[in-house]
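Before anything else, here is the set of structures, which you'll find just below.
Both of the next two complexes hold chain A, though its partner changes from chain B to chain C.
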Partner chain A sequence: MSLTSAMLTAQSSIAARSAEMAIASRNVANANNPNYTRVEASVQNIVTDTGSVVYVSHASRMVNQAAFKATLKSGSAAIASGSYAKMLDQLNPSGQVPFGTSTASGIGSLNESLIAYANDPSNQVMGQSVINAANTLVDDLKQSAQTLIDARMEADAAMGRAVDNINKILSDLEGVNGKIVSGSAAGNDVNGLMDQRDEMLKVLSEEIGIEVLEQDNNGVAIYTDSGVTLFEKSAREVSFDASLSLGAGDAGKNVLVDGIAVAGPGASAPVTGGAIAGYARGRDEALVTMQMQLEETAKALVEVFQETEAGTTNTADGLFTFDLGSGDLVSRLKVHDAVDPAKGGDIKLLRDGGINGAAYKHNTTDSVGYSELLRGYETALNSDRTFDPAAAVNTNSTLADFAANTVSWFSAERKMAAENSTLDASAFSSNAQMLSNDTGVNIDTEMQRLLTIETAYSASARLMTAVDKMFQELLGAVR
Partner chain B sequence: MVYSVSTLTSTLRLTNYLIDNRARLDNAVIENASKKHADMGLTLGAQTGTTTSFRSEFSQYESQLDTNKQLITRLDVMNTALDNVHTSSSDFRSDLVALQSNSDSLKTASNLAYTELSKLTNALNTNVSGVYVFGGINTGTAPVTNFADGPEAAIETVFGTYFGHGIDDAATGSIPVSGDPNGKDWETFLQSAVFKDIFGANWTTHWSSATDEKMTSTIESGVTTDGSGSANEEAFGQLAEGLSIVAVFGKLDLSVEAEKFITNQAVNSLNTGVDGTISIEAQNGAIKTNVERTNASILAKQNVLNIRINDLENIDENRAAIELSLAQTQLEATYAITAKIQGLNIMKYL
Partner chain C sequence: MGLYGIMNTSVSGMNAQSNKLSTVADNISNANTVGYKRYKTSFSSLVGSGGGSGHESGIVNTSVVQTVRQQGAFNFTSRGTDLAINGNGFFQVEDSDGGQYYTRAGDFVLDKNGQMINSGGYKLLSQGGSPVAVDLNTPVWQASTQGELGVNLASNTVAPAIFDETGLLVSGTAPTTGLPAGYDYKTSISTFDQNGNAVKVDVVYTKVSETKHSVTGDILGSEWLVEAVDESGTQIPATGTAPGVVSLKFSGDGKLDPSSPTDFVFKVPNGEDVTLDLSKTVTAGEKFSVNKVDVDGYQPSTIQSIRVESDGRVYGVYGSSAEKLLDQIQIVNFSNPDGLQAKSGNVYAATDASGDPAVGFPGDSGFGSLYSGAVEGSNVDLAAELTEMVQAQRTYSANTKVFNASSELLQELNNLR
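Right after this comes the complex of A and B.
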């Protein structure tokens, strides 16, 4: 031990404090960066027979892998349920009038005007109000159907955007991961790169649910939450073809990862998290069911108002009919031209029969008080009918009840989606807070650390002054 | 272990509280202003369809009440018409009975009978805004033909065919009251099918274009009732018969016995006719009462529906007011905390 070694120790302490200072200031600078992981100086002490030296060997990253993965998982779940809930919310822009209400009340108005016409069949104005109610109902159904198609197309486009984003992230990630692996193998500081990769993983998990597996030299492999490889050494291809039309009966296309379907109808390994899962659920389940409900409504309307040929059991479309052609029924639904005065038709055909020609006329005496057919339609409108189970509501009910049930179905689905989304969002935010508390920066702590470093620095400097003085004393004595 | 909070978390948490409380306040404001749930679908969930169908049921009742009001108007008009028919017919019958003892009285009565006949046709041709209420289902045209425009000629033709001479022929005066071996007497003629059929089987040929079938009106979902009358009721035929006998034959120069007999025949027909009219009127009144009772029950049902809709859709105003003030307090507290925490900064103390 000597004065020289004391001087050396004080010197090394000053150097180490500067390094610590640099690390602390890096932490402070990133206090508000959500993707930053706090680093702490790792201070080493070497003791030799000539003295001891302190130095900062490296900055260690305060990671919490479990909390990070939990955040990724709950984040992708929150995005999935959130995007699904938002899709349903968009169908219901006004909180007071749930989707489908207008159809249900349109059927009610049709029934009302039908009764009024049947009670006063000589009054053409009453007949016109039946036609008006029918036209309004048709317009409303078409509008609802278009809203659903738009929503499905939007979901489809969102899936496309998500796939583009995934491919971009995966290719970027390939580069970053490579640098981390080679840097780690060479013993370089890869903390910044790892922060960058964590951020990429977060964004990736927002698009698609993922599982992250650590590999040697800080490398990672990434799988979808259903187990399909997205990235292992190299990025796998994620592909998706946007649909051109998504009317009732049109199925959306699948999202393929490495050739395996992970989202879309009949996917073999369906993902549960991320925007893709949420949009696929809307596009392929809820909205498909709702389109089915509208189709069933249109079908029932046509059936209710069918005419019977006098004296036979032959039937033909009456007040409502479908345009010829293929595709969904709602888009082809219309009020029969023969009864619509706006199209040159005659309202009286509805009362007397004969929309499909004289053979279908029942009021052969042309009595203006004849209301048997009108009352027949009203009875048919209020009779129980059978609906397709795919419409997901009671299969046996009147058309009006069916329409009301579809309103219930939608609101129940939306309520559930909103509740799930709130739960998932709060699970995510508490996970994210936990992660941030564990690996993020607390300015108070950092400032306090700065104070300690400062004190230690001035103590070391003071030590050097003292040693210097002692040297001077010694040298003065020798002179 | 020391619980540590990162600076980022504490900032974000405050932001989240602010957003949350702001949204809660917004909701409370909407609910207080509209007195209904801010988001019906989210609050009611699977029950949303119930209020939808309650609402359309409610408006169904509303429009049913409107058409029922029209029906009641129609029934009222029918009632007035029937009332006129039966009072004036029975007054005429009383006049006939009183005049019986007076000679030449039948000629006076004959003139009156023509007036009564036009009163009868007029009453049966009543219409309410274009709907001829006694037309059966043929409500577009006046159902009963004026006496002078067909029925009178038909009676004279039948008379001519039966007796072999015109009604104004001198031979008419010598037709016996009864007992003619060939049946060429008043009694047999007035009871004969050819004469009776004018007011019975051939009523629709000579008098009426109405149908027997009446309009059916729906007064409540699934409940129907007659919504019009028919001029083809038997009672109207009997009234017409009584009045026609006096009108056509009363003006002729007949023996006193024949006049007496004809008067008796007419009174008989009028008696059954008036009775029949009264019973039609009673039936009509019963229908009207029924519709009114239905209306009352519809109103009661509407009230129940209204209460149920309010139950489902409306918020509790007291609760909403409290929620609003709570949300306000909460938001103010959050603002205060935000400001405080912003001030709590180690830098100020270094």
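Right after this comes the complex of A and C.
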């Protein structure tokens, strides 16, 4: 113990306080940075036989891995249900009239004009209004179908963008993770890099649900929430081919991670979180069901108005028919040219029969009051039919009820999606809040810390002044 | 007894004090020199002849000793190559001519040749007496040879064959040996071949059977096949033709049965056999997940920095985030360190007085431990030096007074005539 060692101790204390101050100021500077994790100075001291010194060995990062993982998980769940709810919302832009309402009311007006025509079969104006209602319904169905295709294509494109983003993040992450691991091995300060990586993980979890596995030297391995490798020393390939068309019956393509399908029809390890899961659910489930509902409506319309050959059980398409070709039914649905005056047809063929030729004519006497066929169509329109269970509504109902059921199915699905989205979002925000409380910067605490450091610094400086004074006394003695 | 004798005595006194002053000057000027040990001056009297009625004044001898044993205070730096010994011991260093010296000055830096050189220009020696040489340019890599992989295999996975508690096949087909057509779960691991290239290997898990109690329906155990598959989907064998397959047996609670093998060996294409420890594998829940993955090996990269442990081991940290043990520093101790002979550059040479160097690793019994990121400062206490200086100054003045007095007496004698 000597004056010099007292001076050294004071000096080391000042250096340690400065380092603590630098760390505290880093905290204060990042007080409003949501991706920042608070650091605290780790102060060590070393005692030798000539004195003792203190030093700040490193800044330790106040992480809470459990809270961080919970935030990632609830964040990706919130994005998944949020993007799904948003897709359904976009089909219902006004928020008032649910998707499919116009189809249901179109079927209603077709029914009404059919009854009116049947009550007054000689009135060509009434007949024209049936054709008009039929054309409106066809146009409406086609428009609805196009809206669904657009929505599915948009979801498909969104999945493509998410995959591009994932690949970009993963390749960036490979670099940052490498730096963290080699930096940790060399004993460097990697806290900033770890904050950067955490931010990347947050963005990644918004695109796809992930599980993070800690490795040696602060490294991580990343898996999808279904256990498929996304990153382990190196980034795995995430691939997705955008679809060219997504009409009814066209299946979307799968998102492949490391060669395993994680989203899309029949995925073997489907992810539950992230935008990809939300969009895939919309693209491959809800919208497919809605396309199915339109297809069933089109099919039922054609069947309801089918003509029967007089004296046989042979049937052929009547008021509604399909264009030849392949593809979904709605896009080929049309009002039969033979009854549409706009296409040079004759409305009377609807009343009398014979759209498919003379053999199908039932009003052989050309009576102007003949309404049996029209009544028959009306009955068929209002009798129970069997629908494909894939349409997800009551399989046995009238066409009008079926259309109404699809509207309520959509409303219910949308409501549920919106509720889930709200729930998940609030779960996420409470998790994020918890994480921020745990790892974020509390200005009050930092201010208190600054005061403590300041006091300790002043005391060390006073110590140096005292030692300096003693030296001065000594030097004064030297003449 | 003579006047000349008195003059000689006071001259020797002045010499002694100027010796002391010069050590003080040395000490003060090196107050901030890393590894410097202060000089201590001590005096001894040489008694003149005579006795009885007269006194023949003697002279004073100066002996200067360097306080090599006394440790200086640590100064902390942020450089990992700065080393300090806490306790006994010296670094072995070598000058450019190959002469071997010992020092406490640990402010080493890595020079362009990969050698650790201190501010005095001396090269640090490691065990075996050769200079620490870090290869800065040649890349290093390592083929994977072992690793660990732990997964959770969903317990509700359908088994192709069900056995009852007596081992009787209840339904399905008994598993045949070899690769089953499909797999249940797949995870990929990064391995490195013998040239340090990354090779992705898929590890696939296939449930082959389940044992269920015939009455209660409780699951008593299950068996899973683990295989490695390359990127083209072909099964990778272990060395030779032995199939790279292991059959894991789980007990009813989903944990590995103690009798089950846990090591899985496969050969990395163009690489070596990798032994994967699968002991952390469980089968529980309804979701496949990976719990632990760690495979060794790394790609070629050059050294980025070095790290020295407290026991003297020098690790290279490479760009591929690999760490490799490069060398281990040995330190030496002497039976009488104060007997070492100081040389320029804060180094010492062994002498008869110091004894022969005893070599050991830092932290061994009798040897100090190594601190990385700190240097040992000089052990000079300025206050003590200043007080010594004042003492020397005063004593010198007193000696000149004695010299003056005897000179005046001689003058008197000359004036007698």
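The rule is simple: the second predicted complex is superposed on the first by the 460 of 479 C-alpha atoms of A that agree within 3 Å, B and C clash if a C-alpha of one lies under 4 Å from a C-alpha of the other, contacts with A are read in each partner's own complex, and residues count from 1 in each chain.
Definition applied: a residue touches a chain if its C-beta (ideal position, glycine included) is under 8 Å from a C-beta of that chain, and two chains touch if they have at least 3 such contacts.
The structure presented is a predicted model; accordingly, all values stated were derived computationally and were not measured.
K.L.:
With both complexes overlaid on chain A, does A:Asp120 touch chain B (first), chain C (second), both or neither?
P.N.:
Touch status of A:Asp120: first partner only.
K.L.:
Just chain B (first), just chain C (second), both, or neither: which does A:Ser326 touch?
P.N.:
After superposition on chain A, A:Ser326 lies in contact with neither partner.
K.L.:
With the two structures laid over each other on chain A, which partner does A:Ser182 touch: chain B (first), chain C (second), both, or neither?
P.N.:
second
K.L.:
Applying the document's definition of touching, compare chain B and chain C: which contacts more of chain A?
P.N.:
Of chain B and chain C, more residues of chain A lie in contact with B.
K.L.:
In the superposed arrangement, which partner chain does A:Thr313 touch: chain B (first), chain C (second), both, or neither?
P.N.:
In the superposition, A:Thr313 touches no partner, neither chain B nor chain C.
K.L.:
A:Thr229 contacts which: chain B (first), chain C (second), both, neither?
P.N.:
Second partner only.
K.L.:
On the A-aligned overlay, A:Gln96 touches which partner chain: chain B = first, chain C = second, or both, or neither?
P.N.:
first
K.L.:
Shared contact residues on chain A for chain B and chain C?
P.N.:
none
K.L.:
Using the touch definition from the top, list the residues of chain A that touch chain B in their complex.
P.N.:
Within the complex, chain A touches chain B at residues 31-34, 92, 95-101, 104-105, 107-109, 111-113, 115-116, 118-123, 365, 367-372, 375, 378-379, 382, 400-401, 403-412, 414-416, 418, 429, 433, 436-445, 447-448, 451.
K.L.:
Please give the residue numbers of chain C that touch chain A in the complex, ascending.
P.N.:
31, 70-76, 80, 86, 151-152, 185-190, 198, 200, 202, 287-295, 304-305, 307, 315, 317-321, 323, 371, 374, 377, 379-384, 386-387, 389-390, 393
K.L.:
Spell out the part of chain B that touches chain A in their complex, as residue ranges.
P.N.:
3-9, 11-13, 16, 30, 34, 36-42, 44-50, 52-53, 55-57, 59-60, 63-64, 66-67, 70-71, 130-131, 135-140, 211, 215-218, 221-222, 224, 227-228, 346-347, 350
K.L.:
Provide the residue numbers of chain A that touch chain C in the complex, in ascending order.
P.N.:
2-5, 7-8, 12, 15, 46, 48-51, 53, 55, 178, 181-182, 185-188, 211, 213, 215-217, 219, 221, 223, 226-229, 232-234, 236, 258-260, 269, 470-471, 474-475, 477-478
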